[in-house]
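Note that chain A is present in both complexes that follow, paired respectively with chain B and with chain C.
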Partner chain A sequence: MSHYNPLIERALEGNMLALGRLARIIDDGEDGAGEIIRSIYRRAGRAHVVGITGPPGAGKSTLVNGLVRRCRKEGRKVAVLAVDPTSPYSGGAVLGDRIRMQEHATDPGVFIRSLATRGHMGGLSRSAMPLTILLDAVGHDLIFLETVGVGQEEVEVKDLAHTKVFVTVPGLGDGIQAMKAGVLEIADILLVNKADLPRADLTVRDLETMVKMAEGDRGWTPPVLTSVASEDVGLAEVMSSLTDHYRFLLDSDFLHAWSLSTAEAAVREAMRGAAEAGIMDLLERERAAFAEDVGKVSLREEDPITVARRWLAKLGLRDD
Partner chain B sequence: MSHYNPLIERALEGNMLALGRLARIIDDGEDGAGEIIRSIYRRAGRAHVVGITGPPGAGKSTLVNGLVRRCRKEGRKVAVLAVDPTSPYSGGAVLGDRIRMQEHATDPGVFIRSLATRGHMGGLSRSAMPLTILLDAVGHDLIFLETVGVGQEEVEVKDLAHTKVFVTVPGLGDGIQAMKAGVLEIADILLVNKADLPRADLTVRDLETMVKMAEGDRGWTPPVLTSVASEDVGLAEVMSSLTDHYRFLLDSDFLHAWSLSTAEAAVREAMRGAAEAGIMDLLERERAAFAEDVGKVSLREEDPITVARRWLAKLGLRDD
Partner chain C sequence: MKKVRVLIAKPGLDGHDRGAKVVARALRDRGFEVIYTGLHQTPEQIATSAVQEGVDAVGLSILSGSHGTLVPRVIEQLRALGAGDIPVFVGGIIPADDIPQLREAGVLEVFTPGTPTSQIADTILEAVGGK
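Up next is the complex of A and B:
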C-alpha cells in the first residue's frame, strides 16, 4: 500500500491534476516514483506506444500534433512524451511552435509532458520508462514518444515503443544520412515529411531501396510514407499504418517478445536508476569531502578511477 | 604498477598499434581500462580538446577531415573520436564517405576512433572520457570529438571539450531549430557550413542576433563563421578561431574552472561506469535467475521496481 494511493485513485478517474502530480513525482526522481510504479504496474499493458524519431527540423512536433488531433476526433485518449530537447514540448521552441502546441493544452483527453534532463548522472531515459507505465496504467490509448536521434543511442525508445516511426525530410544529406546506423533495423514505419519539398521522390526511392535491401524475417516490411504534416496531408495514412502495425504485433508472437525485452529493460533501468540515485545522494551528503577529492583529481594528484573506487566503497558497492 | 605498462610505454613512444590496443581495451570496458587510466592520468592535460557538434547532414565529418588535414600540415598530432552514430568514422557511412575518410588512415600522426555503443546499460559517454585522457596522455596536440546532438544530452562533450564548435547548415528549420535548447550557452564557435547553399546569409544573421541576445559574462563572444568544408573554404578561419579560444582559456581562469568540472565529471562517470559494470556482471553471472524474474515482470506478476531492489541488494548496494 502506497500513501500515493489517493492521488493514484484520482488519476485513474481521469483527474488531470492528479496525473500531472504523479508524473512530476516520477520525473523528479523522488523516492515516491518507485512506490507509484509498484502500485500501478499491474494496470499497464493496454496502450499502444508509438515512437516518433528523427533529426531536428524533420517536423516531428507538427506531425505529433496532427496525429493527436486525429486521435481526439476518434475519441481516443492520447499522451505525448517529448524526449527531444528541440521539441516545443520540451521548452526548446521558438514562439510560433509554442503557440501551435497550445491546441491541445486544454483538452483533458491529451496529456503532454516533456522529460527533463538532470545533469550528468541523470539522462532522459530514467523517467521515460516509468512515465510510460503511468500513462498506460491510467488508460491512455496511444502514447507518443517524440525523440530526436538516429538510432543507436535511443535504446529506450526501441525498448518502450511498440511501433517506431522514423521521420526524415528531403535533402537532408540525400535522405540517407539520417537513416544510417541501425535505424532501418528498428524502424517500423518510414515517413518522408515535408514531402512538398524538391527531391522528395528521390528520398522516398532511396528509402524504398534500403528497405528492400534490409528485408529480414520480421514478417513486417516497413512502409515508406509521405506527409506534409503542417497541412495535414498524409496523416490518415500514417494513422492507419500505426493501427496495421499494432494489429500485426497482436497477431504475431512479436508483442510477447517485445514485452519480455521491455520488462528486462525496465528492471535494468530501475537498477541503474537506483544505483545512480544512491551515488548522487552520497555525493550530495558529503559534498565538501567530494569537492576536495575532485580538486586532487583536477591537480592530477590522484586519478579519477582511484577516487571513484574509494567513493563507491562508501556506498557499500562491492568492488570485485 | 600495471601489467599494461609495456603497452603504455610503446604507445608513449608513438606506436600506433599499441595505442590502438589500449583504446580497444578501454572502449570494450574491460577491467583493464581503470588500470590504464590510473597509469597515464598524470601525463594528460596538454591536448586541446575540440567538440564538433551538430545535426546529421551538417557536414561535420567533412569538416573534421579538412581540419585534420590542416593540423597535419602544421605537423601537429591529431586524434578524432566520433561519438556520432551517423559519422563515417563510426561505421554508419555510405561508401563515398568511407573512401573520403581513408585520406588519413595511414598517417601515424592521426588517430581515428569511433565509440561503440553497448546496449542499454552502456552508452556513448563511458568510453569518451577515458579515451580522451589516453589520447591526451600519449601526446596528441588536438583531439576532435565529433558528435551529433543538440546540446542537453551531450553533457559529456560539454565536460570534455575545451572548445565547443556548433555546426549547422542553411535552411535546416531556418537555422534556428538546430540551435535550440542550450546550444548557444555552451557553443564557443558557431559555424554555418555548406555556406554556398541559398539563404546562408539569413542563417548567419539569425545566429549573430542570437549571440547578441545571449551575451553574458563569459568574456568570450562566440564568432559566427562560414565554411564550405567540402571545398576547404573557410577552414583557415575555423583553425585560427580554435587557437584564439584556447588562448583565451589559457589567459583566463576558465581553463581552471573547466578542469575542475571535468575532474568531477570524470569521477562521477567512473563511479557510474563501475556501478553499471557491477550490475551487468551480476546479471550475466545469474542469467537464468534474472530471466525468470524478468518473465514475472513481463506477466505483471511482479513490478520492475521490486525486482530491481531485490537484485541490487545482491550486489551489496545499500538501499535507503
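Up next is the complex of A and C:
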C-alpha cells in the first residue's frame, strides 16, 4: 500500500487528471514510480498494444490520428504514447505529435501523452514500458506507441507492442535497403503511406520481395499495405490487419512467447533501473572518494576497469 | 533536475503562430519539454491537453484580440478538470489596459511583444519551481 493509492483509485475510475499525474510521476522516474507499477501491474495485460514506427515525416502521427478515429467509431477506448527526440544540447524538446491528433483532444475515450526520449536510445523513452502498463491497467482497449522517427536500428518497440507497423513512404530506398536487418525485420505490417506520390508501386514491390525472401517461422506473413493517411485512404485495411494480427497471436503459441519476452524485458529494465539508482546513490554518498579515484584514472595510475570493479564490489556487484 | 513541461497553445482563430514557435524553441533551448498543439484550439482542447500531458504550466499565444473571452475560458476549463493549480501565462498582442483584467481572471503573467525569451523562461521557472 502506498500513498499513491487515492490517485490510482481515481485513475482506475477514469479520472483524467489522476491519470495524467501518475503518468508524470512515472515519466520522471520519481521514487513513487515503482510503487505505482507494483500496485497496478496485475490489472494490466488486456490491451492490444500497437507500435507505429518508421522514418521522420512518414506520417506516423497522421496515421495514428486516423486509426484512433476508427477505433472510436467502434466504441473502443484508446491511448496514445507519442515519442519525440530530446535535444542532446539543452535536454529540452518540442513535442509536436499532438498537433495531428487534436480532433480527439476532448474525447473522454482517448488519452494522448507526448513523451521525450530524454536521451534514451531505441526509439522510445525509458518510461514507455511502465506507461504502457499504466494505460493498459486503467482499461484502454488499444494503445498506440508512436516511436520517434527511426533510422534502422531502433527496435525497442518490439518488446512492448503486440503488433508492429512499419510506416514508410515512396522513394526512400531501393531493394537493398529493404533487405537490411533492423526495424523492417520486426514489422508485422508494412505500410507505404503517402501512396499517392509517384513510384509508390516500386516501394510496395521492394517490400513485397523482402517479405517473400524472409525466412523463419513467424507463422505470420506481414502484409504490404498502402495508405494516404491524411485523406483517410487505406486505413480500413490497416485496421483490419491490426485485428487479424492480434487474433493470430491470441490463437497461436506466439502470444505466450511474446508475453514471456515482454515480461523478461520488464524485469531486466527494472533491475537495470534499480542497479543504476544504487550506483548513483553510492557515488553521491562517497563523492570525495570517487573523485579521488577518478583523478588516479586520469593520471593513469589506475585503469578504469579496476576502479569500476572496486566500486561495484561495494554494492555487492561483480563483473568478473 | 526535474524537467519542466509546458503546453504552448494558440486558442481561437488567428492563423499566425510564429511567436508561439519562437517561444517554444527558446524554452526547448532552456531544457524545457514543450508540447505544442498547433493552431485554432478551443479552450476545452487546451485544458484537456494540459491535463493529459501532465504539464507544469500553460502558455497561451493570442494575437486576435479575443483574449478577453478566450483566456478566462481556458482557466475555467482547467479548474473544472481539477487542474486550477497549473499556472497560465499569456503572450501576444495584449493592450496594456487589458492586462489587469487578465491577471484578475487568474493569469500569472502577460508577455507583450519585445519581451526577451529568457525572461519568459525565467518567469515560468520561478512560478513552477515551488511546486
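Methods note: the second predicted complex is superposed on the first by the 235 of 320 C-alpha atoms of A that agree within 3 Å, B and C clash if a C-alpha of one lies under 4 Å from a C-alpha of the other, contacts with A are read in each partner's own complex, and residues count from 1 in each chain.
FYI, a residue touches a chain if its C-beta (ideal position, glycine included) is under 8 Å from a C-beta of that chain, and two chains touch if they have at least 3 such contacts.
Fair warning: this is a prediction, and the values are worked out from it, not measured in the lab.
Student: Is A:27 touching anything from chain B or chain C once the two structures are fitted on A? First, second, both or neither.
Tutor: In the superposition, A:27 touches chain C alone.
Student: See if chain A has more residues touched by chain B or by chain C, and give me that chain.
Tutor: B
Student: Check whether A:292 is in contact with chain B, with chain C, with both or with neither, and answer first, second, both or neither.
Tutor: A:292 sits against neither chain B nor chain C.
Student: Using the superposition on chain A described above, determine whether A:37 touches chain B (first), chain C (second), both, or neither.
Tutor: In the superposed model, A:37 contacts chain B only, not chain C.
Student: Applying the touch criterion given at the start, work out whether A:309 contacts chain B, chain C, both or neither, answering first, second, both or neither.
Tutor: A:309 sits against chain B, while chain C stays out of touch.
Student: Once the shared chain is lined up, is A:159 touching chain B (first), chain C (second), both, or neither of them?
Tutor: first
Student: Quick check on the superposed pair: does A:279 touch chain B, chain C, both, or neither? Answer first, second, both or neither.
Tutor: After superposition on chain A, A:279 lies in contact with chain B alone.
Student: Enumerate the residues of chain A that count as touching chain B in its complex and touching chain C in the other.
Tutor: The answer is residues 86, 90-94 of chain A.
Student: How about chain A: which of its residues touch chain C in the complex?
Tutor: My answer: residues 15-17, 19-21, 23-24, 27-28, 86-87, 89-96, 98-99, 102, 105-106, 111-114, 116, 118.
Student: Any idea which chain B residues touch chain A in the complex?
Tutor: Within the complex, chain B touches chain A at residues 34, 37-38, 41-42, 44-45, 55-57, 85-86, 90-94, 117, 119-121, 123-124, 148-153, 155-156, 159, 172-173, 176-178, 180-182, 256, 259-260, 262-276, 278-279, 281, 283, 290, 293-295, 297-298, 300, 303-309, 311-312, 315-320.
Student: Note which residues of chain C are touching chain A in the complex, please.
Tutor: 2-3, 5, 24-25, 27-38, 41-42, 44-45, 48-49, 51-54, 81-83
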